[in-house]
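Structure in structure tokens, see below.
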Amino acid sequence: MGSSFGKIFKISTFGESHGPAIGVNIEGLPAGVKIDSNQIQFELGRRRPGQSRITTQRKEADEIEILSGVFEGVSTGTPMAMVIRNKDQKSKDYSHIANQFRPSHADYTFQEKYGVRDYRGGGRSSARETVARVAAGAVAKQFIAQAFGAEFYAYVSQVGSLKLEKGYVDLDLDQIDDHAVRCPDRKMADKMFQLIDEVRKDQDTIGGIITAVIKNMPAGLGEPVFDKLHATLGKAMLSINAVKGFEYGSGFDGIKMKGSEHNDAFYQEGDRIRTRTNKSGGIQGGISNGEDIYFNVAFKPVATIMQDQESVDKGGNTATVSGKGRHDPCVVPRAVPIVEAMSALVIADFYLITRTNKLNN
Amino acid sequence: MGSSFGKIFKISTFGESHGPAIGVNIEGLPAGVKIDSNQIQFELGRRRPGQSRITTQRKEADEIEILSGVFEGVSTGTPMAMVIRNKDQKSKDYSHIANQFRPSHADYTFQEKYGVRDYRGGGRSSARETVARVAAGAVAKQFIAQAFGAEFYAYVSQVGSLKLEKGYVDLDLDQIDDHAVRCPDRKMADKMFQLIDEVRKDQDTIGGIITAVIKNMPAGLGEPVFDKLHATLGKAMLSINAVKGFEYGSGFDGIKMKGSEHNDAFYQEGDRIRTRTNKSGGIQGGISNGEDIYFNVAFKPVATIMQDQESVDKGGNTATVSGKGRHDPCVVPRAVPIVEAMSALVIADFYLITRTNKLNN
Amino acid sequence: MGSSFGKIFKISTFGESHGPAIGVNIEGLPAGVKIDSNQIQFELGRRRPGQSRITTQRKEADEIEILSGVFEGVSTGTPMAMVIRNKDQKSKDYSHIANQFRPSHADYTFQEKYGVRDYRGGGRSSARETVARVAAGAVAKQFIAQAFGAEFYAYVSQVGSLKLEKGYVDLDLDQIDDHAVRCPDRKMADKMFQLIDEVRKDQDTIGGIITAVIKNMPAGLGEPVFDKLHATLGKAMLSINAVKGFEYGSGFDGIKMKGSEHNDAFYQEGDRIRTRTNKSGGIQGGISNGEDIYFNVAFKPVATIMQDQESVDKGGNTATVSGKGRHDPCVVPRAVPIVEAMSALVIADFYLITRTNKLNN
Amino acid sequence: MGSSFGKIFKISTFGESHGPAIGVNIEGLPAGVKIDSNQIQFELGRRRPGQSRITTQRKEADEIEILSGVFEGVSTGTPMAMVIRNKDQKSKDYSHIANQFRPSHADYTFQEKYGVRDYRGGGRSSARETVARVAAGAVAKQFIAQAFGAEFYAYVSQVGSLKLEKGYVDLDLDQIDDHAVRCPDRKMADKMFQLIDEVRKDQDTIGGIITAVIKNMPAGLGEPVFDKLHATLGKAMLSINAVKGFEYGSGFDGIKMKGSEHNDAFYQEGDRIRTRTNKSGGIQGGISNGEDIYFNVAFKPVATIMQDQESVDKGGNTATVSGKGRHDPCVVPRAVPIVEAMSALVIADFYLITRTNKLNN
């Protein structure tokens, strides 16, 4: 269980880091959506390893093959399966951990849970799985663009203690991809790059925060009670490798406020009801109100470091795990398209659910 | 959609704040669990309004009636439905908002989504719905106690800017219920009480944080990829009314660390593999590792304040919403049993899923 | 598991034959549907015991209470829960089978499955559960009537060897309820009544067939591959107590035909594409084609007979089960509204799913 | 929707008849199952076209590629995806129906439902999809063999009016595969072969029945109310292309019996409770009782005939559909492994669900 996400626009991913392929099956993609495989490839390129010296040097072309669900460039309403072949596996790099548990990885817990595990590169627990999410998210984005036009942004707003103080409204979100770090403030981006590069040279890793924004949202998306829009976004984000926290709108800072400061007054603008402030983060009672949605996602420092660490092996004997393999010193720059992809998947699903909310649709 | 939670141990809640009843149907409760309805009633008592002067004065006995699934005090494996009758509705208090949208409530978004809404006390969006969660959680707790004995704690660790600096390991968690605020540090609890009471007198509200701890966890719970244990806990918490953020283990603070500081080294203790530190919060790769699980849940200041606020009505005309009704100046003390209940529901579900993970169970 | 049906218009039933109540929770009922509780009560009346001397003499008013999801006579889009209190339980009638297994009942299998069972009147396995389905089906019918107007018919077409040779097109379906047997051919209905009454006097039971027809269907309902419309209808029917077989369109008789005889030629009629014959039963490739849907449902003779039968008890000792309790000599007359209800639930669900099939809805 | 089956042992199939590949993703396969890909290939060989002159002459090696979920020959508990490449597509054969609707096919209904369709070979509605089911079923069989040893049989018991009067208990089920028709009675098999061959020469098609038997079943599988074992088996069978009817145990014939004849008396045999007769077909109250499960599945004559037929095109103009393509004159011989596969998938799923039924498993 656990490899599926969504209720109507539903994805199921499969594949191990060093198996033959990573793939995803999308069920519930409506018929009639023009599918541009170049756009899928473009998003995969944003996530691809080896983009700069601050990302892992694993080399994967990440070429997508569409196996089903598209005919003459248009979705047919049937499941759309896609596979990406793994090519640059260096499985030998991992033979030393066949019997050892890497600290703060999923080695031990997979072993306990299943009694067996594909230890090569973390197997199913590897962040390589997210290539499937990005491919599916690229399809969700195309659907949304053709259906109602919501727009997805994500950027790096913190690395270690380097924190971008400006809010998203004061940034030019079109500049995100102009810098390898994917922070739209050039000065801060340079500093972050330097910090990550230093950490890399120290054979260490560091954490960070990604801020995401969804613009041009219709009101009414999200379901009351358990499937609130922010709860589902939160789960989507927390399911990304290395994520430790999620907050939306005023978030953790909002707790210090009084209700009288925190509430967002309503007013009429043209034929639309709007709020004067947006501490709600575009979501009230778990349902979008038409204002921008924004949230923060906290990523821990990657567990794989190039240093020796204390651990135990399967037999419970003390062992020293040595740092091998190719990994990112800081995941946030490459996680940006993943955060966007998961956002688009959540919104696509709720949009379709919304069609079933009223007698007359 | 959206009123169900869980995959095997699955709950569905129903009912509006001012309708005849709130209820919950539990599917997937295994047969053979001794059900003590007093324990359910006890948990409801912890959540009940009117406990002290810092909670809402609505008076509800919150008496549970079990309609099915229990025979001679033991669960039968069939759906267990429970209802709690609403008694102290003062629906007249709400007639003034039949056509108005209260700021930062779900009035506007429900209207947009459904084209119709039960405006009395927020209808389905009211926190009164959580009485059903607490009842179901009390059943989950009994199941867990009889199956493997995990223990659930939650307490108030922050109100406004008043923050408890001690971690949970330095607190006596058995003292949580000794104080109306549900903070196990008496001194801090007194301060928090005072602050809430002041806010109440100012006809205002304030936010806070609940910290939760799950002890005596087996390893292996949680499913890889999308249904990671912390992602599911996160969704569960974010689905509670007024929650704006979730973090587990090192959380948002962990991002500032280096991987070499953050990683939890493994060692052998007796016949058990343990970690020397627990920045992972008891979860690695989305699966429990047997260490304590701990996380923080951020609650915004309640939206209902006893002050006049700017808003609009259904027709888009400017309106003044006046503060009426009976509400909590700060929700965290009463939200403690809700956080515990949701934790127990998540763990009960994953425990049952885990039985299907291996060929030989 | 197993007490829920449907994906979007989803019902969950609960309750035991001799527990406090039977109930149903409907999730996914769209907002804006006018709900007439008299119509629900009317359908329950059609299923109610004690209608004539050929049905069980258990006396239940079967009064419905709506607990949620309806405000000012209109559905709000939130879960609609309903309960029917059990009143005329004579649980003492069942104390003799607390330790015995009635032949061809679910006593033994429930005991094996759960290790415990509510033996009173069959507990959860009793056909009393279907009262909840009829209530939910009555809501589905109202939704469908207001949304697109499909019409549901079901009638008794066979009792024992008494078989109505006319097809549904040669019958007046408005006469179904004019006779206690619910066969629209008066002559045959009289014969069937006589046969059932004889069987009753012999303290025995007998089987029968219900034929169902759905008229005024739009094309496009049903999902390819596993959730074909007829597969889902089949499951719905086979889930009704005592059902042993299902066939649609040409059914079991169709196997003897050649493809050239069996195929339904297409032609244009006005602006609609139609078929000249309808051996497909209104369904092609699992999807409705706009022609009438029709199918047969086979019911075995009820297992409860008023005669002594050989069996064993929980300890494996030989035992004689004596016939007690109040039961129907033939279930088909009272099963007619149940078949209709399940049909309506299937169609309501697929109708809503269909809204998500295309980019532009 | 509709391309997934199962709740815990869950399969999702994808792919079109003339697309690049057909595939299946299995979620919920427990870890630790030895996977023999030769056995998967063996089952695919039983379903493969071109086995004799009475099956379609499309040539497909149907080679399986396992993409994930298996490591060193053992399942890892993660999703197991498999693909089969399509090789012998002759898509040109279908250009004539790009705008025409073949009678009793899914062409018209797909067009109505989705507004677009992959017309080549029926696209997603083609029986080629069942290759994915057989692959998944072969995995389910291996899991079941290693877990508890239930055995699956299916055979042709009727073709046109040629009906095998012997029941399964009087047949040698090990001889099923000895004859191209897959009827274990050699004499009858020869007659059936002749009939199918005649029909083929007439460029026509004919229907038939498959009888299935599941032996060595444990008691307790199947869930009460909606997910009854026979209801789920029924849905599984009705979801197979060309199926029009399903009956289990005494089936449609049982309706003529009295309850006193139909009931299966219990007795003790060694340490096992058994029934003297088995009109229940091994299922009581929707739950297996440990006796053999048996059921019949009715297949209509295949819709594709090599004759000209009246129809209409997309514009509603009269059209003549001419018989082209390569198809089976009678599907039942090749459908035998499909019926077995679906049976195994149902049983695997219920077996895993059963592990969650009791407090102490």
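As written, the chain order gives the labels A, B, C and D, with residue 1 at the start of each chain.
Basically, a contact is a pair of C-beta atoms (placed from the backbone, for glycine too) under 8 Å apart; a residue touches a chain by one contact, two chains touch by 3 or more.
Small disclaimer: the values here were computed from a predicted structure and weren't measured.
Asks: Using the contact definition stated above, find the chains touching both chain A and chain D.
Replies: B, C
Asks: Name the chain pair with more contacting C-beta pairs, choosing from A-B and B-C.
Replies: Ranking A-B and B-C by C-beta contacts puts A-B first.
Asks: Which whole number of Å gives the spacing of the CA centres of chain B and chain D?
Replies: 46
Asks: Starting from the mean Cα coordinates of chain A and chain B, work out the distance between those two points in Å.
Replies: Inter-chain centre distance comes to 26 Å.
Asks: Need the CA-centroid distance for the pair chain B / chain C, whole Å please.
Replies: Measuring from centre to centre gives 39 Å for this pair.
Asks: Send over the residues of chain D in touch with two or more other chains.
Replies: 1, 3-4, 8, 13, 28, 31-32, 77-78, 113-115, 124, 224, 353, 356-358
Asks: Inside the complex, what are the residues of chain B that reach chain C?
Replies: Result: residues 1, 3-4, 8, 12-16, 19-21, 23, 25, 27-28, 31-32, 65-69, 71, 74, 76-81, 83, 113-118, 123-124 of chain B touch chain C.
Asks: Going by the contact rule at the top, pick out the chain D residues touching chain C in the complex.
Replies: Of all residues in chain D, those touching chain C are 1-5, 7, 13, 101, 103-106, 108-110, 112-115, 124-125, 129, 158, 160-161, 199, 202, 204-209, 219-220, 222-228, 230-232, 234-236, 238-239, 244-252, 254-268, 271, 273, 275-276, 279-281, 283-290, 298-305, 307, 309-312, 316-318, 353-354, 356-358.
Asks: Help me check something: in the complex, which residues belonging to chain C touch chain A?
Replies: Going through chain C, the ones touching chain A are 8, 28, 30-33, 75, 77-78, 143, 146-147, 224, 352, 355-361.
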